[in-house]
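My structure is below; once you've seen it, I'll send some questions.
Letters A, B and C mark the chains as written, and numbering starts fresh at 1 in each.
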Amino acid sequence: MQALKGLAEALYDDIRTLPIVSPHGHCDPAWFALDEPFANPAELLVIPDHYVFRMLYSQGVALSDLGVGADADPRAVFRRFAKNWHLFLGTPSRAWIGHVLTETLGIETPLNAETADSIYDQIAARLAEDAFRPRALFDHFRIEVLATTDGALDDLSHHALVSDCDWNGRIIPTFRPDAVLDPSARSFAGNLDALADITGIATDSYSGYLDALRTRRAFFREMGATATDHATEVIHTEWLDDPEALFQHVRKTPNPDDARRFYGHMLIEMAQMSVEDGMTMQIHGGARRNTNHRVFTSVGPDKGADIPIAVDWVRGLEPLLNRVGNNPDLTVILFTLDETTYARELAPMAGHWPCLRIGPPWWFHDSAAGIGRYFDQVVETAGYWNLAGFNDDTRAFMSIPARHDLWRRAVAVHLSEQVNNGAFNRSDAEMLARLLATDLARDAYGLTP
Amino acid sequence: MQALKGLAEALYDDIRTLPIVSPHGHCDPAWFALDEPFANPAELLVIPDHYVFRMLYSQGVALSDLGVGADADPRAVFRRFAKNWHLFLGTPSRAWIGHVLTETLGIETPLNAETADSIYDQIAARLAEDAFRPRALFDHFRIEVLATTDGALDDLSHHALVSDCDWNGRIIPTFRPDAVLDPSARSFAGNLDALADITGIATDSYSGYLDALRTRRAFFREMGATATDHATEVIHTEWLDDPEALFQHVRKTPNPDDARRFYGHMLIEMAQMSVEDGMTMQIHGGARRNTNHRVFTSVGPDKGADIPIAVDWVRGLEPLLNRVGNNPDLTVILFTLDETTYARELAPMAGHWPCLRIGPPWWFHDSAAGIGRYFDQVVETAGYWNLAGFNDDTRAFMSIPARHDLWRRAVAVHLSEQVNNGAFNRSDAEMLARLLATDLARDAYGLTP
Amino acid sequence: MQALKGLAEALYDDIRTLPIVSPHGHCDPAWFALDEPFANPAELLVIPDHYVFRMLYSQGVALSDLGVGADADPRAVFRRFAKNWHLFLGTPSRAWIGHVLTETLGIETPLNAETADSIYDQIAARLAEDAFRPRALFDHFRIEVLATTDGALDDLSHHALVSDCDWNGRIIPTFRPDAVLDPSARSFAGNLDALADITGIATDSYSGYLDALRTRRAFFREMGATATDHATEVIHTEWLDDPEALFQHVRKTPNPDDARRFYGHMLIEMAQMSVEDGMTMQIHGGARRNTNHRVFTSVGPDKGADIPIAVDWVRGLEPLLNRVGNNPDLTVILFTLDETTYARELAPMAGHWPCLRIGPPWWFHDSAAGIGRYFDQVVETAGYWNLAGFNDDTRAFMSIPARHDLWRRAVAVHLSEQVNNGAFNRSDAEMLARLLATDLARDAYGLTP
């Protein structure tokens, strides 16, 4: 973890133990509903972490030897990981996993080929303890709220189990409807049928389809959701004059152009529904998915071959913003993988449109230097109040404290530099540190503590 | 303002009190022609400053409540601004306005909701003093020369009043002819008629049109202009084989594509006229104007909704440069809002073409970190002599010293880092500091002191 | 040269005197085959160095006055250079040439208009000494291996002379076949005929053409080559269903679109041949060549008017990577001039695909700040082992030690910052310093010492 000195250390100390607000991520609600122990160290730290296996794969380790898309002996997987631990020097994975090992699991031995087995056994012993079950860890981590990400067709049964049980942890869903909005999604037509079945509203007309979507949004709200989420490769929105016609067309024969246009229209519909129901809208833009066809075919999506591309937020969002963007009660959070858009597009846009907030550095950029570049490039134009605080955006539950800790350290470094450079004084920095650690996230997502 | 230590402070002290050379900006010449007091604190600091009201608008304050596009009680406007002063933490507006308040207006009280009225009254009292009239401030600010930006159809009567009066301040016009060059400009045909009326040269033929433009350039030169200026969203130039044909076409029925082509041709004509008459040519590229249609319709242009886009200087300027770019007597200054072009395009281009200079960080990038990124990315390839010094580019007259001060501090920081890193020695840095503070601007714009 | 302090200095001291591994560059093999003295100081330092004459040209010095594309008195050329030495303040050229003057040539006098003649004479005297002939300098510089870049039709006779002589310097060729791959290359059809003549294999069928290319690759391998090289403006690859048909077409009537498609196909064929024969493949992408038509027509290519453009590595390489990219025995090194692709594209791609390595900062970005930006933007996602070490990529033989020295200093600065920031400890940094100085380059190019 980033070393701190002087004022940075003092600012960090003030926010280090604040509760964790996690308004966007990919943890499995079943963990908290069932509260079963994590299976083994490889399942905990290697197999589900695309940051980890992508790096090992890039250096010639087969995915199947890592238990990805294939069964593999977890101890052998962990040995391969330990042997290659040096590959992560300089990466946030090294900081995150190092933090998990030392701070959460209490492992003092350095990780390498020789210590792999001993560390494996130590972790396995911890995982068998009650204190390392999901709910106990959630409490230990001082998580105030954790949002999952859930398809529009999900029944949220695990969320229901959590809220009906006697444990008080706050696990809320997020409405991610892309599979019923994007005609190029796999089995789009089937998804519309399922949407009709779940809601009891026929989706063979555009107006029925909208009603069904509204119904699902209401259900998610009832279950605690305060936000929606979208992921799109290219930023494109447009308002169709006759959406019914294109809807009828893309239901049957979606081609890429029509799919793009229809999805671009539906993003605006979603923004309009957010105006109605108050849900914060998230747009994650610019990841080209599954660029490695062999890996996608044999192992599936989310396997480290999603690569960022250049995006155009300005022209891409202009139709959406011109319909709803002047509404100060709407919140739309933009997440980019194209850092060139921080200063050029996102900061000027968020510094003008009442609805916009800039999401924190995302994915490849959620790192010490990445956060530094973010502050350097957004604050001068957007200020601090147009930011959305922090997201850990992880499916690696154990790493959540590490990720928030990395953010808080980077916040402290940034603010101390601002004070040293004369931008503002120490008491301003102390106030901004709390804002960036928790309050902006609460505010952007409508999460009262 | 940026805090300085050690060598940076020493370098800054050397250039702190040099005269201000302001070769490009948007002050109103009427201020200096009429020399009337500024109306009130809100008119001085809030209502005309798009940096200020855009930020307030982004956080939900209505433009009409800020006196933008509507009448509003100036004291109420100032109160709203004061109450939200924290929103500007980390932005250059905070540094600029802070400097105006303390250095120019002598206000020691911190600005906030409680002090708003008292500070309003203090400023109002100052504005009533003779020492705070435009000419007195101009002299007090030690401005050597101030260039305004003026449409080709402007009669420059205020400039005439200034040069005919007994005050010695040097206020010069800049020739900005886009409204008579770009067929997509509002009332282009009417503008051509006006051009004919003013010059007495018929503009219904292409050759007459060129003659009329030459005549206006000569008039601006007579009135002191040393430069022209253009603003364009997309960088496009091309040399037409038959400009007459397209001219006749776009006069009557401009479509976007033809307008773009014709304007691209006229940029080359303007560059060729600069070769003839020696005027420095400025190109400000990459701002998408008026992206918020409701704001544009209800309040007008320049209201904070202009957003940068990615641009391609290399292919966009190639036709222009291949006609005139090898001429070392021509000076063309490029201003970008797309910082990715600093190192990739502008520095390599300016480090080759004799005519090119890189303009200083513009608009959203005229800030401490923005200036740091600029030096970091242009100097290694372009050196210092291919830069154009500083522009304040402001319509906020009162902030001119603050903006030059911010630049000079950032110059001192950059040069001190260069010395500390071993790039060159202290005497080189002292020479470069003066170059960057005043001499490069004088040279790039042909402004002898 | 970059000044170093504390840990950075210690890390640098450890790697300062390591041998030089130069796996990619543009030195002339004739220098080492014939071992004749360099002609004069202008021929050594000014006339062949496009970094130098481009800067002088940008400030109004005629190329003909610099001996570029014209005969010129070398002493007069050197005087013009010396008089303008200040223009290079802040550029790597100043660091490189300064290093050559002081470290290699032993000149203590500062360079300027007054000292030009004396320094010219001192250099000329050195060049007359045996110790300053190419082979002696090569040994003195402790170069372990130097790769040249050679057209596919080159007979490599100078390389043969070097390997047949009693001098032990290792000079190896690199296979650069673009002139016989890219139908838009000058005299492409003639080049195919020459390829047939040299190999004795008819190139009028696609299969014969591939055989002839394989034969040339084998010849280069025999002569010591371990790598191929390609330079392309736009990144485009595609796999043709019927390459024979397009081959027959482009041989006769190449149009730009077909040429682009055919070349994009041939890049994949080259990658497939690299899988077969083990040669490392280099792709240098994004330089728009010869943008100054007058300079190109009158003086030729490589005269400082090549300018970077934005590129799309993700979509551009997807077809190639999906055919060969999962092969861990293949090495493809990507060099970009578009720094925005470091963090957005190259680091995520190299952090996934087994075949990919990121080349070092290239051309305009081979500089202290450029190297800093590179590490800042690639390491967190790609780690260190997905990098390819350093290339000097120069045709200025004398500057090779200076360039490696600049890289090693920048490596030491980067690693010391990592240690100070807590990313890893000092012994990690010491190991990484050696890796970055020599071992990664050896490994990426298959060069055993």
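Simple rule for what comes next: a contact is a pair of C-beta atoms (placed from the backbone, for glycine too) under 8 Å apart; a residue touches a chain by one contact, two chains touch by 3 or more.
Source: prediction; values computed, not measured.
Contact with chain B and chain C alike is made by A. Because chain A and chain B carry the same sequence, their contact can be compared by residue number, and under half of the numbers here are used by both.
Chain A and chain B have centres, each the mean of its CA atoms, that are 40 Å apart.
Multi-chain contact residues, meaning those touching two or more other chains, occur in chain B at positions 310, 340. The touching residues of chain C, counted against chain A in their complex, run 310, 312, 314-315, 318, 321-322, 325-326, 328, 340, 343-345, 347-354, 356, 376-377, 379-386, 418, 420-424, 428, 432.
Residues 1-3, 54-55, 57-60, 86-92, 94-95, 288, 291-295, 304-310, 337-340, 364-365, 367-370, 373 of chain A are the ones touching chain C in the complex.
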